[in-house]
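Labels for the chains are A, B and C, by order of writing; each one numbers its residues from 1.
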């Protein structure tokens, strides 16, 4: 796996995103009535599922999450926090969770797109792969919990990831400075997502 | 990715199959009440899911669909047609859709089997992989939409794909002419599928 | 694929585990009302799904099950037995099935962990991968049948696999004799699973 530069900063932020996705996945699983083990499993797959799909599709195996112990440990730690402090975590207000989640989504989307460009994919496919990195964990979570993935039903979420990943992919493909492009892509995703939530934007249904 | 010969003809037909599967997936998603983005996503995974699973299992990564822009563009175009022309597409009669779908199923099944034989798999496994190529996209579609995959419940569908893929795999393994074998396999799938629909064939349930 | 030693014994036991998981998967599918083909498919994916996920994550493609005809034949044979002898198989008492299932779970878990150690994964990740090998087929079965995977809800099952896989991974990593470590890991899984069933152990729910 090629490291993005500045690698240490990105890895720290990446782990923060992993922790947050693990918290969310664990909360969803606990609310669905799963036991301790089920909560840990769902927290884990929510946090690392997107990256695993990304690396499988890139042929970059074993996936990064299986090569750096910090990722699974962080993912399980997020699940363990839910198990140990459920009533506290449950009460974290939505106004705190949503921006944090948007940040995690943005980070996974731009890192995924950058990794695809590093593997010489075209910008369109890199943008798709970045989106899959961002939303894949949540899709696996929802399928395992027996429902239609939220991302297919809810307000502008994957579209925000796609926009940020697209900006990143196009920028890197045409040689713009890496740090700048990644930051810009992340900002696009976060802003689009937060404005969508704030304004109650939803895409129209196709069938009336 | 090794090209089948005559490559241009096959690629054209392959893209036609991709477009048709995208239309079907998009229609199913629209009828399930998804929004514009959800319809595009389901159209995409229905159209390319089988090929992605095939290439992951063959270790041929990134999957072909991520190496040739025509595939994702065709898949999204199929979804976009559903979004823009929903009421028209919805009213295409079943007597038109089912033969087209059988043709797409047949093509994916024989191409998948041929690719597996090129990777030196045994005919039995190549036939299985061809079947997975043909039905995989629909399975992902149904799982994401929260249901039991139709292919596990409905009339002779996967069996038709298996028969055509099997003919192809055995024929190629024993050195019969490539174009002939592929055409024969495709005809087997199409005929078996259409006769099954026409006669109302269903396999028996196991539990009374 | 590196063979474990003594290879012949292990392959025999591995095939026995494959057959048993196929029987179980087929029974579940028949009870869910699937037709003959659906029962065979679910039997197949239950029996080989865990190993396929394991090999995809290790980058060891095509997966072992696609390289050794004995595995798919055994898996389909298990499904065929359900189809042909449904009423007999259905009546096999739980006291026979559960120990056999625990043995299959144990075997898949320790073989998966050993394979991951052979690929130079850390013991923690090898234990996770062994667990996935053990429970993965059942998860795919339950998702295809439209439910929440049993392993996320039921009594100590994946935890038993994790314990055995962990013992195996740590033992092999620190150079203990291979046969001894695999046997010990398998015993840990079987004993933990059977005691859990016998005592009615369940992990607590997180949300009251």
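Basically, a residue touches a chain if its C-beta (ideal position, glycine included) is under 8 Å from a C-beta of that chain, and two chains touch if they have at least 3 such contacts.
Remember, it's a predicted structure, so these values are computed and weren't measured experimentally.
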| task | Indicate whether more than half of the residue numbers at the chain A-chain C interface occur in both copies; give same if so and different if not. | result | different
| request: Could you report, rounded to a multiple of 5°, the rotation needed to superpose chain A's C-alpha atoms on chain B? | output: 120
| So how far apart, in whole Å, are chain A and chain C when each is placed at the average of its C-alpha atoms? | 30
| remark: Residues in chain B with touches to at least two other chains are numbered 56, 59, 143, 146
| task | Within their complex, state which residues of chain C touch chain A. | result | 56-59, 119, 121-122, 124-125, 128-129, 139, 143, 146-149, 152-153, 158-159, 202-207
| message | Under the definition above, what is the set of chain B residues touching chain A in their complex? | response | 26, 29-39, 41-42, 52, 56, 59, 61-63, 66, 69, 72-73, 82-83, 86, 90, 143-146
